[in-house]
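After this come two complexes, each holding chain A, first together with chain B and then together with chain C.
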Partner chain A sequence: MLIAQEFVRPIIDWHGVAPELTLLAIGAMVTLVDIIWNEKAQRIIPTLTGLGFLAALLPVLTLWSDRDELPRVMWDGAYVVDEYSLVLKGLFLVSAYVVVLLATNYMHDGDYYEGEFYQLVSASVVGMLVMTSARDLISIFVAIELISIPAYLMAAWRKRDLKSNEAGLKYMLMGVFASALMLYGMSLLYGFAGDTRLAAIAPALRSSESIPLITLAVVFVVVGFGFKVSAVPFHTWAPDTYEGAPTPLTAFLAVASKAAGFVALMSVVIVAFPEQSGVAEPLLWVLAAVTMTVGNLIAMRQTNIVRMLAYSGIAQAGYMIAPLAVFGDVPSSAARAIVIYLVIYAAMNLGAFAVVITAARKTRSGEISSYGGLFQYAPGLAVLMTLFLFSLAGIPPFGGWYAKYQVFLVLVEPATTAGYVLAAIGAVNAVLAAFYYLSIMKQMWFMPEPNGDHTRVQITPSLQAALAITAIVTLVTGVLPGVIPDVGDLVVALP
Partner chain B sequence: MTEFLNDWGISLMVFLPLIGAALMAFVPASQEENHKTIALFTTLATGLVGILLIADFDYDNSDVLQFAVDARWIEVINARYTVAMDGMSLPLIALTLLVVPLVIIYSWNHIPNPGNPKTFLMLILVLHTGMLGSFVAQDLVLFFVFFEVVLLPMFFMIGVWGGEDRLYASLKFFLYTLFGSALMLVSFLALYVLAGSSTFNMVQLAENVVTEDISKTAQVLIFGGMFMGFGIKVPMFPFHTWLPDAHTQAPTQGSVILAAVLLKLGTYGFIRIAIPILPEAAVEWAPWIGLLAVIGIIYGALGCLAQTDMKRLIAFSSVAHMGYVMLGIATLTDFGINAAIFGMVAHGIITGMLFFIAGSIKERYHTLEIARLGGLLVQAPKMGWILAITTMASLGLPGLAGFWGEFPAILAAYDPAPGLSDALFRVYMVIAAIGTVLAAAYLLWLLQRTAFGTPSEEFENDPHIHDVVTEEWIAWTPLLILMVVLGFYPRLIFGITDDAVINSLLALGG
Partner chain C sequence: MIDVIVFAISALIIIGGAIGVIALPNPVHAALSLIATFFGVAVLFVQQEAHFLALVQVVVYAGAIVVLFLFVIMLLGVDRAQELGVEPLAGQRAAGVAVGAVLLALVVGGLFLSGDPDRGGAVALTGQSGQVVPTVEGEQDVIQLARDLFTRHLLTFEATGILLTVATVGAVVLVRARGAEDLILDEPGTAQH
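Entry: the complex of A and B
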C-alpha cells in the first residue's frame, strides 16, 4: 500500500540546508583540486579547506540574522534548524577551522598524505553539521557514522607508526561496537513508536506499558552515546587513540567529535525521553559522577601530555553529562549549560592542543617533563598554556569558570538531593583536576629545561592564528560570558 | 569631581593596577628600572584614587553603600557588575592601598631569586586588582571572580620566587583554596536558586532569603559551603595547614601581602556575605566557629612555641591571631565584629611588618633559624628596636594597634548575641585569654632569642649585616606610625565601621 502511494517531493528549505551544501561543495572541490593538480596543489589545500569552513559559516550567519524565521522545520520534523543548531554549527565550523590551522604544518612536515586528510576532515564536519539539526533516529545515526568513519581513517594516518595503527584500529572496533549497541536501542525505540522522529517517540513511550523494554532501549542508546563521548566505563579507547593519532586529529576528536556525540545525546535524551527521566537520570547521574572522578584520578598519573589531556577531556565530559542527570526538571537549562560548556571547552582545549603541537616542534616530545623551562625560552607560549590550563581548571577570569558555573547552576536549580550531591562531587573534582593542570604549570614555570636547550620555539603563522583565536575566545567568554549566543529552547514539538 | 568619583571612582581604583600591568607587558623585560617605576606609579595612582574616594566618603552615613555602580554584566544569569563601599570595607581597602605600594618600594632592591622584576611586579599588580575587587564587589558572582583571581598571582609568586620547598607549598596553597571556593560557588548558586533565581546582589539576597522562606536546613547547609570557602582562606583550624608552608616558602613580598590582605578575604567574606545573608544559619554555626577559633588560638600559640624557624613562627602566630578575629565574628555582636575588623587591620599591619623584618633578616643572615640568630640589637640596633616594637604590638600591648583587635574580641565573647549560649562563649573567653599569655610567651621568647644577647660566632664579623636601609625605612615607617596611631586612637577605625556593622546585623534582630 505504501508503494502505491505517489512520491511527493518534500519541500526543501534551501537556505536552511545551505551550510551543509556549501561544505559539501567545498569538500568536492578540494578533492577535485587534489586530483587534478596533485603535488602542485599540496600547499594550497589546507588554506582552501580552511576558507571553505569559513565560507560555510556565512549561511549560518545569514540564518542567524534571519532569526524570526526560526525554527525552520524540514521533512516533517526530522530536520530542524533552530538557534540551538545554529550555535552548534558555528561552533563546529570554527573548531574545524582551528583544527585545519593546527594540521597545516604538522601534516606537511611529517610528510603525510595531505589532500586526503582535509577531504576527510570536511566529510566529518558535514556529518557534524547534519547532527546539530537531526531530530530523527535515522539521520542521527547517519550523521554519527559520517563523523566517525573518516575519523577512524585519520586516526591511523601516521601509518608507519605502530601506535597510530593501534589508535585507528581500536577506535574503529570500539566505535563500531558502540554503533551496534546504539542501533539496537534505536530499533527497540522504533518498535514502540512506529516512528523514527524523536518528537514522535516521546508521546509513544509515554503511552506504552512495556516499561522493561523501554528501559532497555534507553539504556542501550545512552550507553552507545557513552562510547562516543568517552564516558567512563566506556572510555578505554580514548587515551590510546588520542596518543597514537596525529595530534591535530586528536584535537579534532577530543573537541569536535566529542561535541557531536554530546549533541546527539542531548537531542535524543531531551527530546525523546522527557517522560523517561526516571530511567535516564539515575543512569546519567552515575555516568557523570564516575566519569569525572575516574577521569581525574587517572589523569593525575599520566606522564604524557596528550594522554593527560585525553583523561582530562574524559573528566570534562563528566561535567557535560552532569546537567543531563537532572534534565527532567529543567530541560532547557540543561541544554543551554551543555552548549555553553561545549563552546568554552572547544576554545580552551583546542588552545591547549595548539600549545602542545607548537611546543612539540622544538621538544619533539609529548612528555610532561619536556615542558621544563618553557617560561624561560618561550614566555608567550607558557603564558598562553597557563591561560588554557587555568581555564580548564575553572579559575576565573578565564572561560572555564563560566562553563562549570553553568553546570553547577543547573544541578542546584531543581533543588533535589541528587543535584546537590552531584554538584558537590563536581566541586571536589575541580580540585582533583587542578592538581594535574598545576603539575604542567610547575614544569613550565618552576623547572629548568631538561637538556639546557634554550633555542626559541618557532611558531608558524597558522599556529599563531590558532593560538590567537582560541586565547581570545577563552578570555572573552570568561570576562563577558554574555557574548555566547543564547540557544533558546530546543524545538521539541512536531510541525 | 564628586560625580566622577560616584560613577567611576571605584572601577578606576580596581582596574588601574591591571592597566599598569598591561602597560608593563609591552616594556622589554631588560628595562628593570622602568618596570619598577611603572609599578610604583600605578600603585600610587591607585592609592590616590583611593584617597580621593576615602576623602569623599560620607562618614556620617557609613552604613550606606557609597559610590555604588550597578551595570549590566552577565544578563543570562542575572549577575551584575555591582561595586560599592561602606564602613565595613573601607578600612580593608585602605589597608590594601597602603600595603601594596610599600611592598613595591621594598622590592626596589629586593627582587627575590630568580629575578625577573617584570613578571614579579606584574603579578603583584594583578593581585592588587583582585584584592580591591573582592572588597568592593556587591554581587556574589563578581565577588567569586575577584576572589579567585587572587589565587593565580600568589601561586606563581610562591612557586617561582619562593624558598626551597616552593613547589609543594604553592600547590598546597592553590588546592586548599580552590577546594574551599568550589564549594563556596556551589553554595552561592544554591542560594541564588532558592532565593528565587532573580539576583546575586548581596543586599537583595539577604531580603529574598527572608521573603522566599528558605528552610533552615538549607540555610545551614549553604552556610556550610561558604564556611568552607571562607574558613580555608582565613585559615581556621583544621584547614590552616597550608598557611605555614605558604608563608615560609613565599618571598617576603608574597608573605606580607598574604598576611596583610589575603587572609582578610576570608574573614571579610563572613561578615559581608555569610552572616548578613544567612543570619539564622549563622546562629547555628556560631558555637562551632567559636570553638574552632579558640582551638586555633591555642593551637597556633603552641605551634609557635615549637617552631625553630622565624618565618614559620610568624605564620603560626597568624593562625592564632586570626582565631581572635574569628572569635569576635562568632559572637555575632556589633562589638565583636567591630573588634574583628580592627583585628584584621591590626594583624595586617603588624604581621605584614613582622614578615618584612623576617625578610630583611633573611637577606642579611641568609637564615631564619632562630637558634643561629641573636644579638640583632648589637649588630643592627634600629632593626632590633623595630622588631621589638612590632612584637609588642603583636602580643597585644595596650597603646599599640594589636591590643584593640584582641581585647575587645575577648570581651565580646562575654556577652554573645541572643540565641547563643553565654556559658559556652564565656568558656571560649577564658581560653582565648589564656591564649594571650601564650602569645606573650612565644613573641617575647622570639625577641629574646633573636634580638637580645650577643651575635653568634658565625655572624659576628659578617660584613653583610647592616642596619635598616633607605627603602626599608620608606616601606616600614608608615606601618610603624599606624601601629602607634591606631593604638592610641582606635576610633579611627571603630568610628567608621560601627554603623555599617550594626546595619549588617539588623537581620539578626540585634
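Entry: the complex of A and C
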C-alpha cells in the first residue's frame, strides 16, 4: 500500500478568499469579452475592469463588517485574513481602480493592445491580494512573481519605442536577479525551520545558535525585497523603467507594486524575524538612511518629471523602511505606521501621476520646464498638483504630514539612539525634498508657457474621476487621519 | 563510505559544469556543460531519497530548459565564440570580482564561523550527513509532495496557474507584429500620449 494516510480535503473558507476569486472571475470575463467581441469591446473593457476592482471590494467590506470572525486562518496558518490584510486589500483594489482610470484614454489614444493590458493588470492585482494574506514563504514568493511578471511585460507595452523595450528588459533582469537572491535566503530559512510558514520560522530561529547562517538568510531575503521596493543601492532599475514604461503603468509600479513589496517585507520581518532584530534592524536602518538621502539628492538634479517622481518615490520608500529599523521593540506600531504611510503615499503619488498624464495630453512632454504657465491655462490642474506636491513634501494639512508624523513617532517610541538618529536624518531629508517639490511649483505658478500656447487642457471624464478620488483622499487623510482603519496585531499564532 | 564517494563524484561534476558555463567561450558549449551540473544535482537528490525531485531535475532542467536555451542560442545566431575582450563599462569586471569575493566570504563565513559560544554556538557545517525524515512514515515522497501541494499550498498552486497563463498572453502580445509596426525612436519624454 503506497498511501499510508487518506487524503483529507482541505477546508476552504470561501468568504475569506472571496476577494481573490471575484477578481479572478472578472479577469477571466474580460479575457472572454475581448476574444468574443474583439475590436467592438475595446471601449467597454476598461470600464469593465474598473468595475471588477470595485466588485472585488465588496467581499472585502463584508469581511470587514464581520470582524468578530477575524482572523480567519486557512491552510494551517499559511493564509491569514485579518484586519491588516483587509486594509491592504482595500488599498490595492482602489489604487488599481485609479490606475485603470489613468490608463483608459492613454492606452486607447496610443493604439496599444488594450484588452491584454487590463488582463495583466487584474492578474497582477490578484497577486497583491494574495500577498496581503500570505504568511508562508512559498505563497509570498508566488505572489511576488504573480505581481512582477505581468509588470515586466507591461513595462515594455509601448513596444514600438526603444525606451519602453529598455524599461521592460531592465526591470525583468533586475527583478529576476532579486528573486534569485530572495529564494536563496528563503531556502536557508526553510533549512532552519523545516517549515515554510512564517509563524513557525520565528521559534526555529529563536532556538537556533547559528547566528552567521541566520545573518546570511536575513541579508539575502532583505536584499531581495530591497530590489522590489527600489531601496538604495538596489534602485538602479527604477528611473529608467519608470521613464520608459507607459505612464499609467509607471503609476502602478510606483504605488501598487512598491506597496506589495513592502507588504512582503513587513510580513516576513515582523512575523518571522522578531527575535532576530539584532541582525535585521541594523541592516534595515542603513537601508532606510541611505535610501532617503540618496533618493532625495538625485531627485534634485532631475529635469524629467517622471524621473523626478521615481527618485522621490525612492526617497519615500526610505521613510517606509525606517519604522522597520526599530521593529523589535514596537512591532505593532511599526506595521501601523507603514500601512498608514502606504495608504497616504498611494493617494498623493497617484494624484501626481494623474496630473502628469493629464498635462502630457497637451504638452506631449515629460520635462519639468514644460510645466511653465500651467496656472494660466489650467488653474485647476495647477492647484491640484500643488496639493499633491505639498502632501509629498509633508506640509500640513495634507495627508503626507500625518504619514511622516507617524513614522517619526514610531522612531522615537523605543527611546534608543539609533531611533533618534534615524528620525533626525528623516527630518533633514524632509527639508531637502521640499526643495525639488517647490521648484515644480515655481514652474507652474510663475514661469510663462514656453511656446506661448494657452489652449486649455482637455481633461477626460476618467482622468477627472482619478484626480477627484486622489485629491479627496489626500485631503481627508490629512485633516481627519482617524479615517484610516487600525490594522491591529500582525502576528497570528499557528492553529 | 559509498555516500561520500557518490557525493564527491557528483560534486566534482556540478562544480566542473558550473565553471564550464562561465568559462567556455562558445554559448552552445556553455549550455551543454549546464546539463552536467543539472545531472550532478539530480544524483544528489537521489542520494537524499528525493526521487521525484531527481526525476523533475532531469526531465525539466536537463531536458526541457537546456533545449530551450539551445533553441534561443541557435535562433539568435550567436552559436560562435563571442568577443569578450571589450569591457562595456570601465571597471565593471573589477567591481564584479570584488562583489563576488564579498559574497563568497559571506557564504563561507556563514558556514564555518561559530555562533555565540555563550549560547552554545557551534559551527554550522558539521560534516554530519543529513537525515531524511518523511512527514508520514512509509510513504513515498511523490505522495507527500502531492498531498502538500493540494492541501496547504492549494491557493499557491492555483496562483501559479494564473501566472503561467498571463505570462503566455503577455509574451504573445510583445512579440506579435501587427501590420507594419516599425520601431520608431521617440525623442525622450515626447512619447506620452
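What to note about this one:
Going forward, the second predicted complex is superposed on the first by the 490 of 495 C-alpha atoms of A that agree within 3 Å, B and C clash if a C-alpha of one lies under 4 Å from a C-alpha of the other, contacts with A are read in each partner's own complex, and residues count from 1 in each chain.
Following the convention adopted for this analysis, a contact is a pair of C-beta atoms (placed from the backbone, for glycine too) under 8 Å apart; a residue touches a chain by one contact, two chains touch by 3 or more.
Remember, predicted model here, so these are calculated numbers, not experimental data.
Touch counts on chain A: comparing chain C and chain B, the chain ahead is C.
In the superposed model, A:367 makes contact with chain C only, not with chain B. After overlaying the two complexes on the shared chain, residue contacts for A:405 are found with chain B alone; chain C is out of touch.
Of the two partner chains placed around the shared chain by superposition, chain C is the only one that A:219 touches, whereas chain B remains out of contact.
Of the two partner chains placed by superposition, only chain B is touched by A:431; chain C is not.
Touch criterion not met for A:61: it reaches neither chain B nor chain C.
Touched by chain B in one complex and by chain C in the other is not one residue of chain A.
Residue ranges on chain B touching chain A, taken from their complex, read 72-77, 141, 144-145, 148-149, 151-152, 155-156, 159-160, 166-167, 170-171, 174-175, 178-179, 182-183, 185-186, 189-190, 192-194, 197, 221. By the touch rule above, chain A contacts chain C in their complex via residues 2-5, 7-8, 10, 12, 17, 20, 24, 27, 31, 74-76, 78-79, 106, 109-110, 113, 116, 119-120, 123, 126-127, 130, 136, 138-139, 142-143, 145-146, 149-150, 153-154, 156-164, 168, 209-213, 215-216, 219, 243, 247, 304, 306, 357, 360-361, 364-367.
Of all the residues in chain A, the ones that touch chain B in their complex are 390, 393-397, 401-402, 404-406, 408-409, 412-413, 415, 420, 423-424, 426-428, 430-431, 434-435, 438, 441-442, 445-446, 480-482, 486.
For chain C in complex with chain A, the residues that touch the partner chain are 106-107, 109-111, 113-116, 119-122, 124, 136-140, 143, 147, 150-156, 159-160, 162-163, 165-167, 169-171, 173-174, 181-186, 188-193.
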